[in-house]
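Labels A, B, C, D and E are assigned to the chains in the order they are written; within every chain, residues are numbered from 1.
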Amino acid sequence: MSQTLQIALIPLLPLACFLVLGLYGRKHLSSSAGIIGTLSLFISTLLSLQTAYQYFFVSGKVNGVYQKLVVFQYNWLEFAPDLSINIGLMIDPITVMMLVVVSFVSLMVHLFSLGYMKGEERFATYFAFLSLFTFSMLGLVLSSNIFQIYLFWELVGVSSFLLIGFYFEKPSAVAAAKKAFIVTRFADLGFLIGILTLAFYTKTLDFGLLIERLSTASPYLTDINAATFLGVSALSWGLILVFVGGAGKSAMFPLHIWLPDAMEGPTPVSALIHAATMVVAGVFLVARLFPVFALSAPGALQIVMYTGAFSAFFAAVIACTQTDIKRVLAYSTMSQIGYMMFALGVSKYGGEDGLGYMGSMFHLFTHAFFKSLLFLGAGAVIHMVHSNEMKDMGGLRKLMPITHISFLIACLAIAGVPPFSGFFSKEEILLAAFESNRLVYGIALLTSGLTAFYMFRLYYNIFWSKPAELHGHHHGEGTLTMKIPLILLAVMAVVAGFAPIAKWVTSDGLPIESHVPITFSILPVTLALAGILLATRLFKTQNELPVRIAQQMGGIYKAAYHKFYIDEVYLFVTKKILFNLIGKPAAWFDKNIVDGLMNLLGRITATLSDLIKGIQSGKVQDYALYFFGGIAGLVLVFIYLWK
Amino acid sequence: MTGIPLTHILFLSTALFFIGAYGLFTRRNMITMLMSVELMLNSVNINFVAFNKYLYPDKLGGVFFSIFIITIAAAEAAVAIAIIINLYRSHHSIDVEDASEMKY
Amino acid sequence: MLNEYFFVLKAEWMLIAIIFLLLFLKVGTSDWKNETLLYGINILLLVNLLVGFFSNLEGGLFSGMFHNDALLILEKNILNIGVYLVSLIAYPWLKKHEHVLEFYILLLTTLLGMFFMISSGNLLLFYLGLEMSTIPLAAIANFDLDKRKSSEAAMKMIISSAFSSALLLFGVSLIYGTTGTLVFTEITPLLNGSPLQLLAFILLLAGFSFKMSVVPFHLWTADVYEGAPVAVTAYLSVISKSAILFIFLQVLYVVFKPMSSEWYFMLFFLSILTILLGNLFAMRQTNLKRFLAFSSIAQVGFILLGLSAGSKTGMASVIYFLLIYMFSNLAAFGVIGLVSASTGKESIDDFKGFYKTNPFLSWILAIALFSLAGVPPTAGFFGKFFLIMAGAERGNYVWVIFAALNMIISFYYYLKVVKAIFMDPNDQPIEKLTVPALPKLAFVICLTGMVLTGILSWIYEYIHTLSNF
Amino acid sequence: MNLTLFLLFPLATAIAILLASGLKQIRVIALIGSLLQLALSGKLLLAYYEQRAAGNQSQMLFEYVQKWYGPLNLQYHIGVDGISIAMILLTAFVVVAGILVSWETEHLSKEFFFLLVLLSLGAYGFFISLDVFTMFFFLEVAVIPKFLLIGIWGSGKKEYSAMKLALMLMGGSALILVGMLGIYFSSKTAGGAHSFDLLELAKMNIPLARQMLFFPFAFIGFGIFTAIFPFHTWVPDGHASAPTAASMFLAGISMKLGGYGCLRVATYLMPDAAHAYSWVIILLATIAIIYGAFATMMQTDLKYINAYSSVSHCGFVLLGIGMLTQTSINGAVMQMVSHGLMTALFFAAIGMVYSRTHTRMVAQLGGLLKIMPFISTVFVIAGLCSLGLPGFSGFAAEMTVFMGSWQNPDKWYRLATILACASIVVTAVYILRAAGKSIMGPLGNDSYKDLTDAKWYEKSAAILLIFGILVVGMAPFWLINLIQPGTEFIMNKLAVVATGL
Amino acid sequence: MSAASIIFYIIAAFILGTGLLAVTTRKIFRASIWLLFSLIGIASLYFWMQLEFLAAVQIIVYVGGIVVLIIFSIFLTIKSGEEMPKPIFKRNIFAILAALSGLAYTARQISLYKFQAPENPAPFELKVSDIGRQMLSTTDHGYLLPFELISMLLLAAMIGCIVIALKQKEPVKTLQS
């Protein structure tokens, strides 16, 4: 099998699966849809792994540097001779890593869904959508062209919309789907304009050329730096706008509001899209353009850094107060992505300086496993108790041991407790931050403590706290297909940290040695443990303490509980400003002024016609007088006035 | 007649013409309106004859024109009177103000 | 020599022959049924029409007082077609009429007058023709003898036209006084543009305008159209208008050529008034005949626009338009006449829901209205387009824009009627009417005319080659 | 390839419909006729490729000139380039779909199908014409069928809407008339005559002052047909009142006549003025885009939503033309094709919903996905295409417009582009609101439970249009390649003058 | 001032005076008589201009024909002795204005225009025989065609008058009762 075909098949298999299930699934394949989907993705996953193996060990390196390989390219839409969307397949280290992550997590989610979604009326449709998403996400990471990435970006968005709104009869699900789509669309506007800006100056949309032209001294770079708007160079503008797009998808503050709501979707979907894959697209995008950011526009990178850091902390605070377990996980996702973002932000380009970059990718990698594990675990719990609320849970550790253990592993991983995977990636990030920006480092440290706290708050509330009180019949822990993914992911959550990412995924393609000093690790680990201990004290058994503390915190707690009122601000802007101040006036203006003007013209004519009807009085002598008047008028005009 | 300039005859005819016009504008009786028209036509006749005689005596164009006008006036008057009589049957009046059903 | 008198005057001889034939029929005490009579007369008219196309001879007679050339022959043929169509659509009305023969005698006399008028080379013959085409017409406007409106219409027509011809004559007398001649070709070199001559010209123009229904000389039109029998209204609005325009073309383009800059602006002035007032009045009409009267006034405004070109294309476009206008207007009047003769209904409201009961007639009426509005593929589009195009030749875009914008208003009122026919609900629509053979023939001819005259360009091209300017 | 067939086929169909009797015969004839047209346009496309492959580089292919009105130098001059072929294909698609959608029209079916076919005749004629007069002729041919279709078979305040539409389009025609006469009398061929011939006119330069005078007439005139602000008000009312097929034709074909005319007649023949006035065009287009989008957001009737969104989307066409770069003009043409297919699909879906639920008010609908999954899916696809989802035609077209517009470095032009881009967010808002409420969510009315999904004819119509949308969306390169030679000629003309100014 | 001119002014005054009375008097019968006088005055003007033939035609056609016709129609339509209504005031004002301004303007233009009388005019003679010959000739300045035409017109007018003015037959009553 040629490499091109092999790589092309990775996204094409899910696509084919989508088409088959979408067109025929509902009627003919309603029972086998899950198997078809899972199988095709299984093949995809195998191909991804094979590709990864080939790339990292066989063909990817030239002179010790991992290359960007464009294995296939087709001129899909030519804007201008030098400006076209080339649909292509490009592989480089991050792509390969993402391929593995996406296909693997997706496979797990497919497997899990086989049990979780069993009996759903639109079972086949669900798998079709899952396949569509997987296809889009794989296409996104394989993009060789910035416009291609935008294209798949939108597709990812719409599949996310479809999946969030899967329970379309629930108004809240529809609203959440809409919100997710519109907010990310708004962010994509920035992305689009960013692309337009970059493309205008670099005369290309191709990633390879684009990065080359913007990261090395070239006339294009001079041009784009010379053009300024509001005192900021066009390059910075372009990159910031692209980052806005990334921030939208990756739920960075203040574009994060859709993510918690997106939890209305089926839980496996949240695991796939809103934890492991789609939400990291923003990180991926920044990483993709990292050379440009790092070498030519450090200012833009700073923005990435601060946005990431703030989001990480901000989300962690909110996560501590939420009671819906999926929402906790959602905010934790946001927080972790914030980590990845600021890791990129603190990084520099090349060699050891690119530690942040490597850490970010590493964290992306490990996070995918433990976060999807968390979500699937939460899914299993929800499946059991039919509720998302913590108050409905407790003491489940006996009832669902596998879920319990895997969940605990994931919690430890995300808290950064060695030797779980999260520890390793987080250490790299913290080190990079420490070396670059102490403020960010401080925030990161604090966040890491908070993370441990809220994760264990969640853990205890689900599995300990109070004795299980389930009413009536329950499913048990779920089918085998639900357990296998949990186990596999738990294994990954443990071992992923040992993957030699530093050898493979670096800012300039050259392997680096990651050597985090043991001494450096002490502080974060201690903080994490402290967080865990605090959570244990507060939540292991049911007591009054948390409520008291919450009351003492007063305003801050309330604000955090209400997500700092960001939603309300948005609501104000959209409802009050966009709808009432622009939409309604526009509609009114159209109906009354523009349309009114047209009607007015008609009415004027009619009135005029009414006014002059007296001329036709029906009296023949009047007619004669008018006749005479006509002659007089002609005489007056043409014998006197005209000359 | 040598002492009378052409313009004086023309003044006469013009005056007669506008007397006729005035009559047409103001007379509410259809028959009198018709009479006014006859006056106007006669004034035109005077014009033709006077021009013919004073300015272009070598040909008889004007005189012939006036003969034809007289004839046509007769035909016109006849038809008009027939119409008026018919109208009188249905309206029982020959006041033009009464025959203004159709308007606007 | 005699040959010449026969062939040059052929169209006129034909008419005279028919008139006298009818006269003899009238005098002889024949008790023929109206239907028989009407079929016979229509066959005669058809013969007359067909003969018009053969063995025509061009030339001048009576030392130029009367002349005939290819264009005039064409114009006479157009009028013949029109009269034939009018006669066909008059069938439902005449079938019940007592004075069929008299009607035709008078009608054909007016046609004869028109023939002489358009062939005249002399103001005297022109005036005679004009009166001959007016006075009997006033009489037949009164042919709905027991209808109040009919006699009112006839009265208004005869008094207005007497007044107008008095003014026209005064103008003619002044022209005679200042040039010393009545012959068209002799007048032209003697025009000197003095105020008196201008006055004379304006009076002449007013006389023409009266017959063409140009604002503000149009006021009689609507009342007469409304009151007169439908067939007469059709005749008035199409045939007599066309005839006067044919001669107006000659008079303007040939006789008053030296004054072209003056008359151009007069036409501008009058045309704008005519289009505007015609449209504004047409908008508010409820009676279909009256509505068509005002719409035809507006059409005249457009004709003036084409006329103003003062060129070969101007002349051709006017004649071409009149041909199309004839088909369209006669089709419309045909339907209205049929309905009016059977039910007495003439108002637009009565036509609501007409389509449900009479689809064929509805389509004829609708297509006629579309043609009048100038919508393709009907010929009216071409007619109007060429008029505006001819008008644009002189570069007076104010006029063109004005005319173009006014087409919107005209569109409105034509569509209003279409709307009534097709869309408005009505509990008591006009019942289903049977269309007699003769009107049906007229409709088919009109329909063919409305569709083909536009698409077949050779008709226009033929007119264009004949336009002797 | 004889292009006159594009007139003869519909004509023959129309006549056959007149001769037929009974709904069954009529609709079968109409369908066969429209399918033949579709086949013919497919054949045209192939013939075009054949010619181009054979190295035929001339601007127009399959030209045929027949003197029509000789003395006035009017010709029946037909020919096509890629742009026209794209439009013809669009027309053929929409016509077939429109006829399928109206399959069960029982009220005056003969007239209905006759008028539909007549409308398509006008559109075909317009797109194959290379003579401004002939174009104008066909443009107007299509007006009356619209009026009657809306007025007779429409719903709501149909008479008012029909009248408004007819009058405003007539207003457009009136302006075009002035513009084209201005062009005609400014032209002078080698023989000294004036000309309406598009290609002849393109060879000569109309004096600048003349261009400045007549460009607005021609452009706004055609612009009214494609809903240029502020002359767009016929669109919402007209579309909302029209029967489904008429809405499809109106938005899918008829509005394209305007865009095509703006490009072919106004911009191509008067390039200087196009440059000089481009800021006005862009201003109006931007207003239409943004304002149309916001006005859409406030609508509650599905048809109004789509109609206003058409205003917004057709704004892209005008924006693309106004930007005067090759890419943007390509984009404008693509947008025409895309919008034509998409909006036809949207109206078809709305029509299907309406014929079942008898309401188009978003608030009264809901949860239709459960009851009529096919129709709902069609609805969602149309919506997604409308909001520019990749894979559907809207994306490729809009992106091309944006990319082309951005090539213009002036900062006001940039601002216009940004605003236009921003409209896609608003589009997302209103599309999702409409879909979210009517298709998703709880069932709007219990009586909806018994409703049935699409019938075969509705399905085929929808699938046909979706096929078109997908072909353009998935493989925009073929469309670009098709129209590129045509737009290049236009660009050359524009470029020459731009440097000459 | 020669006697001829004095006669002219007398005739002119007579014509205008009777004409004015014809259009203003409120008694319709009197109006017709005044018209008759005015027409006779015009005939005498023709006499004065030595156009005897024309004067004769004027008398015969107008006095003998038209005025008689008018008087007959007055008898048919008006109860004799009845006064006619006054002209409508507003219209009267406009009519006077129109007539006066028209008169003033036309008269002024006539007086301004320099009519060129021929240098040595040919003697203007109007012999009845000439008129007859010209009336029936087809050559230059022959009036055969208009002559024949006007006969057609008169014929048509006659027929029209008969149809219109003839009292209509009562609708035929069926003998069913």
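Simple rule for what comes next: a contact is a pair of C-beta atoms (placed from the backbone, for glycine too) under 8 Å apart; a residue touches a chain by one contact, two chains touch by 3 or more.
Because the structure is predicted, anything quoted here is derived from the model rather than measured.
Enquirer: On the document's contact criterion, could you list the chains that touch subunit B and likewise touch subunit C?
Expert: Touching subunit B and subunit C alike, sorted by label: A, E.
Enquirer: Please give the pair of chains with the highest number of C-beta contact pairs.
Expert: The largest set of C-beta contacts joins the chains B-E.
Enquirer: If you average the CA coordinates per chain, which chain's centre is most distant from that of subunit D?
Expert: E
Enquirer: Going by C-alpha centroids, which chain is farthest from subunit C? Tell me that one.
Expert: Result for max centroid distance from subunit C is chain A.
Enquirer: Could you grab the centroid distance between subunit B and subunit D? Build each centroid from C-alpha atoms only and quote it in angstrom.
Expert: 65
Enquirer: Could you please state the distance in Å, as a whole number, between where the Cα atoms of subunit C are centred and where those of subunit E are centred?
Expert: The computed centroid separation for subunit C versus subunit E comes out at 30 Å.
Enquirer: Once you find the CA centre of subunit D and the CA centre of subunit E, what distance in Å lies between them?
Expert: A distance of 69 Å separates the two centres.
Enquirer: Roughly how far is subunit A from subunit C, centre to centre by C-alpha average, rounded to an integer in Å?
Expert: Going by mean C-alpha positions, subunit A sits 77 Å from subunit C.
Enquirer: Indicate the residues of subunit B shared as contacts by at least two other chains.
Expert: Within subunit B, residues 10, 17, 20-21, 24-26, 28, 33-34, 55-56, 61, 64, 68, 72, 75-76, 79, 82-84, 86, 96-97, 99-104 contact more than one other chain.
Enquirer: Could you say which residues in subunit D touch two or more other chains, in rising order?
Expert: In subunit D, the residues touching two or more other chains are 167.
Enquirer: Can you pull out the residues of subunit E that are in contact with at least two other chains?
Expert: 91, 94-95, 98, 102, 105-106, 110, 115, 141, 143, 146, 150, 153, 157, 160-162, 164 - these are the residues of subunit E that touch more than one other chain.
Enquirer: Check the chains against each other and report every pair that touches.
Expert: Applying the touch rule to all chain pairs gives A-B, A-C, A-D, A-E, B-C, B-E, C-D, C-E.
Enquirer: Could you list, by residue number, the parts of subunit C that touch subunit B in their complex?
Expert: On the subunit C side, the touching residues are 123-124, 127-128, 131, 135-136, 138-139, 142, 145-149, 151-156, 158-159, 162-163, 166, 169-170, 172-174, 176-177, 180-182, 222-223, 226-227, 284, 290.
Enquirer: Enumerate the contact residues on subunit C facing subunit A in the complex.
Expert: Contact set of subunit C toward subunit A: 155-156, 159-160, 163-164, 167, 195, 198-199, 202-203, 205-206, 209-210, 215-217, 219-220, 222-223, 262, 265-266, 269-270, 277, 280-281, 283-284, 409, 412.
Enquirer: Which positions of subunit B touch subunit A when the two form their complex?
Expert: Its residues touching subunit A are 21, 24-26, 28, 33, 96-97, 99-104.
Enquirer: Which residues, counting only subunit D, touch subunit A once they are in their complex?
Expert: Against subunit A, subunit D makes touches at 164, 167-168, 229-230, 232-233, 236-237, 291, 294-295, 297-299, 308, 326-327, 330, 367, 369-370, 373, 384, 387-391, 395-396, 399-400, 402-404, 406-407, 409, 411, 417-418, 421-422, 424-425, 428-429, 432-433, 436, 439-443, 475-477, 480.
Enquirer: Please name which positions on subunit A make contact with subunit B in the complex.
Expert: Residues in contact with subunit B: 613, 616-621, 624-625, 628.
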